[in-house]
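Next come two complexes built around chain A: one with chain B, the other with chain C.
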Partner chain A sequence: MPKESSRREFLKRSAKGAAVGGATAVTVPTAVAENSPATLKTANTTKTNSICPYCAVGCSVVVHTIGDKSRNVKPAIVHIEGDPDSPINRGTLCSKGASLEEFVQSDRRLTTVQHRAAGSREWKRMSWAEAVPKMARFIKDSRDKGFEAEDPQGRTVNRLKNIAMIGGCTDTNEINYLLSKFRFGLGMVAYENQSRL
Partner chain B sequence: MIVAKLIDTTLCIGCKACEVACQEWNDQEYTMGTFDGSYQTKPELEANFWNLIKFNEFEKDGATSWLMSKYQCMHCADAGCLAACPAPGAIVPLANGTIDFVHENCIGCGYCITGCPFDVPRLNATTKKAYKCTLCSDRTAVGLEPACIKTCPTNCLNFGERDELLHLAETRAGELKADGFADAGVYNPQGVGGTNVLYVLKHASEPEKYGLPKDPVIPWTVSLWKGPMKWMGTLMFWGTVFGAFFHFVIYGPQDPEKHGHPEDPSDKS
Partner chain C sequence: MTNGWTDVANADVVLVMGGNPAENHPVGFRFVMEAKRLRKAKIVCIDPRFTRTAAVSDLYVPIRSGTDIAFLGGLIHYAVSNNKYQRKYVELNTNASFLIAEGFGFSEGHFSGWKDGKYDKATWQYELDGQGYAKVDPTLEHPRCVFQLMKTHYSRYTPEVVANICGCTAEEFVKAAEMITIAAAADKSGTVLYALGWTHHSFAVQLIHAAAMVQLLMGNIGMPGGGVNAQRGHANIQGSTDMGAWNTLPGYLKIPRANHENLADYLKANTPKALRPNSLNYLGNTPKFMTSLLKAYYGPHATKANDFGYDWLPKVEEGADHSWGTFFDQMHAGKMDGLISFGMNPVANGPNTPKMIRALSKLKWLIVAENFETETAAFWRAKELADKEYPQSLKADDIQTEVFLLPAACFAEKDGAFVNSSRWLQWKEAAVDPPGDARRDQDIISDLFHAVQDLYAKEGGARPEPLMNMQWNYAMPKRPLLGEVAREVNGVDLETGKQLNGFGELKADGSTACGNWVYSGSWTEAGNQMSRRGQGDPTGLGLYPQWAWSWPANRRILYNRASTDSAGKPWDETRAPLRWNGKRWTGDTPDYKADAPPETMAPFIMLPEGVARLFAPDLVEGPFPEHYEPAESPVDNSLHPTVNANPLLRTYNSDMDHFGTAKDFPFVAITYRLTEHFHYWTKHTSSSSELQSNFFVEIPEELAKEKGIANKTLVRVSSARGKIEGPALVTKRLRTLKVSGKKIYQIGLPIHWGFVGKVHGPLINNLTPSAYDPNCGTPEYKGFLVNVEKIG
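Let's look at the complex of A and B:
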């Protein structure tokens, strides 16, 4: 083997080795990066105010959704957080309220009417179209059976004692207003709610 | 402007809203653990669980109470993870004092875990990258507070300019002292140049009771490895390269036909 070629080869090899070695041994100093607003999850969302459905405090929440203005996109909730403008919670939420996004998106969440017929053990899915007339029928029958216009002393009472209603602070003001109206209209006296917590 | 978190441990009620808010904002799935007789969500931080409320049991005069503490990245001014990290750009100190992990550049060596005096970063076994609290750098970048701070219902967590929060912390510690907690004080360890997560503690002389190290420093192995050992290694590498090169230039290659190997039996020359 000629001496000349082996020397050249050696020089080549050492140059390569130095390049690789240099790359590993010299560390580029880490620069102090500017804080840049790259991708904020809630940057382009529609903000809808709502109420936390858990306890009687009734914290206000902001629901961030994307895609709900688009025609061909299924809207999605990306974040739910406390409403900073609310005097009730001033933007804060407890651990349950903070998990609302998962509550809404849970695959175990009930989205249809569940009906358990008298004497049955099974819950069955029912459509609203079927459920609403059924409930109306039950209410009407019970009211016809149990309505008292006068008490035994002959005083006008117009009361209904065989139906009770459960309302709640977890509903919005509007829903509770309608519930109360409905209750007074029927003469229902047994009423339970959580708002006195 | 250096931003900071202030955790007034005396106001924490252990509701864990900050834990949930952290998980929600960072879109992290909760991994079920086992119940081990504590109110704590998990015994330790995890790669997908960056913020843990510790229920430290404290006994005094036969009565047990909890010393609450929030366990997450401390965003040290002199960060051990940053000192230990060998991957350029994987751990980035932001202009506002946040120590952020850039996972694209992380090589998953886990040296940040060794370098952290608070034992905070966690390695994800699947992605082989290290994860920890980012101080919600995406939120702070647009002027929002981190998710945990926003949700805290008892005002135990505060966020703002570091100097102002230090002042607030001292004020609060003073109030506690006036209320009879003589040992109250601020946790702002100087061994790591001060942290951007400040605590107000009732027992400031014994932070171990809160699960916080008393005098955290960057492990000496990290300083040795990233300091003298690195210089020596570089010197030895280049010394060898240049030594071999100049030896070749000056003396040329070894010629087996000329010199031969006396101990080689096949060499008959």
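Let's look at the complex of A and C:
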């Protein structure tokens, strides 16, 4: 697991955060300020339209990446700002949205599969190649054990009660639809998302 | 939302209750301020706490958490008894004129039909004529018509009674009522903005019903600047709701029950019949939606001969419930094997954290796909990381759950559509690849799906057909493109192979496939409608019909047919989302047949009544909202002391489900969000963690004085479930209330911390009860009882 970041790092980064904090919506400045550097960090970026993943107002954001056009360079996000074309936010973002870049590039982001064995006190790194068959085995064995093809009255019910699945509110419609197919393929009835909470 | 964020600017009155948009939806709140600035709109804020929304409102009234139905019931009484409702609108657009069966009534806390802890709803039904249509009295005078029954029901909710329950003064209530009922004028609109302050109660659905009743009486439904508007707290909580939960299939089709043994049974039970001769009853098309969904799921395997694969869907036992509280209770009882979580964190966001942690420790396996290590993934570390808060949790050595924590892509690394609270489907593009070994969720799901399918192909096992016949026929089945999935969701004509233009083209004969009928029209032959960026606003009402795509049918204001009188004349000429030009309705996508002249059918085409329900017999604890106390309450219910809480309150009986009383836990607790944090995510980012690094307990000045607590004094807050500690923030924002002659203090608890992240703090749900709304299964996170002690 990544280490917790230090107070010093907070303070270093907080200049940006503090500037956009508070309850009011903030326009990310786009005009070139006096004494600005010769080129802005967004001068030669690729712009991608996206939507803020936080609350449900649905603010449009522009994700600026560099490196896309160079060979052997992995694109990297350098800036995320409000999209001025959106009739909802018209370029503005709240304090959380204005610091979205930190969310994407947080040093706490998971970058490897972690596995915790039964009774273990620690995470261990695992490859996808090892994890996927192990998870599939668990799912299948549980389904084989818990699947009810008929109920006690002999009616076809094809349901599975011993595996639950939750999630979706943080993800797109399309992922939610795929989750519905996965869920009904298995026959799962215990399925919930954040809308219940 | 029935309307949308940009439409809020059209309001003359904004009632903010059960929400705090200035802090939690700051960008959306701009439209409230625009209404205030440009239309001189009045903002009324009703909240237990003086929030930043309250600070800019024209009137703020404090109430005790969990007494909103009393307040809204008071509004209904005030409007009806002072003739401050839009009479014509109510006659045309509601079931006020419908007659109800003999014997309906309410006494001593129960509606008629209460027996042995259950309701027999026989007396809650419409009185039907020989053809099966509801009888009506257009004069609204019949003693058994809904209007008269409603008037009688709420006659108890006088300003004094409201004040005595809510803890405000009768004068404050009347002031609010005067302001809110400005919207009763035909040419005035009022909006209602709410959020989790309304839904986090054990009577949440009835609370929203009460708000809808107020809005119908004011003539605000279907109007620009009107509606009942849930602000919603997650980027795609609307979309995940649209795609189904335990009790629904995509598009709000109901989950089949065991007694629906074939498709015909299912459709018979779930296709409504018109209740009035002039009702279009659009949901009469349910067979088309259901068959098309089955074709999307099972493709060529779904044939007429096999009921389009209907058998393969799970059938839930009649009367059974598999919602959040129930399956976590079953997990806690050791009846579940595994849990798969895509971006949810039940240890942090479920009620009664100790029970959540214990439940997870009874699983064989847990799969969590996440951006960060969450409390749920790390539940087995609770003892190590936060023993003080979770003394009941087991040591890691004693927890046999195997956990897989999968690194998932975040929003900027995936494309696809989010649905905002305005029902706008907005498409986003992927900007970068996920970091390291992290994968997109569609890849994770597809890998698991295929790996399990492969095991069944190789080994056989329990009834493989539902899994083997489920279609996953994307160009790259293990790496599906979301555009392809979105096209499947929109629907296709299987004979021509063309994308459908909308759900009007769906068929019940298996010749169309559609993954979610309410989204049909979002990706047509003209391309992806959700990525549209047009700025046009032809009505001038801020509807922006060319920006993104709104469900259903790109309609921006639901029930917009109610914005005109029966002849099609707008109630307000300056704010008309729809106009009848002699041949067609123009403006917003009409919530009506587009070429049907004004008087041809009733205005609410989605309901079998053809009109909106003031009286809603489908709800479980009564057709009218009634004030019940929260599961834990500091006072008796002054309306009916023998029936204190919701008679059908849902609770569980495990050894970790405890409830307290005011004797041990005298204070009412509320939970809330801060503007600097998003839920339990931003404690993983630097700026938010720095801006709000510490949990605190908001304590009213008067109580602080009584207890010798100053700012920053360390205090312990305890409930019957658990306890937490933190520094006090002594505040004027929580006014001391007087309820039934008793002094009531409320305690404010912000939620955003936990035992993993850049900053740490207690999980508030350590305190919250497993008490749930019986209609929808939402937990009561607000208005529970705690004690506060000074320890520092």
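One rule holds for everything that comes next: the second predicted complex is superposed on the first by the 128 of 197 C-alpha atoms of A that agree within 3 Å, B and C clash if a C-alpha of one lies under 4 Å from a C-alpha of the other, contacts with A are read in each partner's own complex, and residues count from 1 in each chain.
One rule holds in what follows: a residue touches a chain if its C-beta (ideal position, glycine included) is under 8 Å from a C-beta of that chain, and two chains touch if they have at least 3 such contacts.
Because the structure is predicted, anything quoted here is derived from the model rather than measured.
K.L.:
After the superposition on A, what does A:Glu81 contact: first (chain B), second (chain C), both or neither?
P.N.:
After superposition on chain A, A:Glu81 lies in contact with chain B alone.
K.L.:
Spot which of chain B and chain C makes contact with more residues of chain A, would you?
P.N.:
Per-residue touch count on chain A favours C.
K.L.:
Figure out whether A:Glu102 sits in contact with chain B (first) or chain C (second), or with both, or with neither.
P.N.:
both
K.L.:
With the two structures laid over each other on chain A, which partner does A:Lys41 touch: chain B (first), chain C (second), both, or neither?
P.N.:
First partner only.
K.L.:
Report for A:Gly91: first if it touches chain B alone, second if chain C alone, otherwise both or neither.
P.N.:
A:Gly91 sits against chain B, while chain C stays out of touch.
K.L.:
Can you give me the overlap between the chain B contact set and the chain C contact set on chain A?
P.N.:
Shared contact residues on chain A (touching chain B in one complex, chain C in the other): 10, 14, 17-18, 21, 25, 80, 89, 92-97, 99, 102.
K.L.:
For chain B, which residues count as touching chain A in their complex?
P.N.:
Spelled out, the residues of chain B in touch with chain A are 15-17, 19-21, 24-25, 27, 82, 85-86, 88-89, 91-96, 98, 100, 137-142, 144, 147, 150-153, 233-234, 237-238, 241, 244-245, 248, 252-253, 255.
K.L.:
Going by the contact rule set out above, which residues of chain A touch chain B in the complex?
P.N.:
My answer: residues 3, 6-7, 10, 14, 17-18, 21, 25-28, 30-41, 43, 79-82, 84, 89, 91-99, 101-102.
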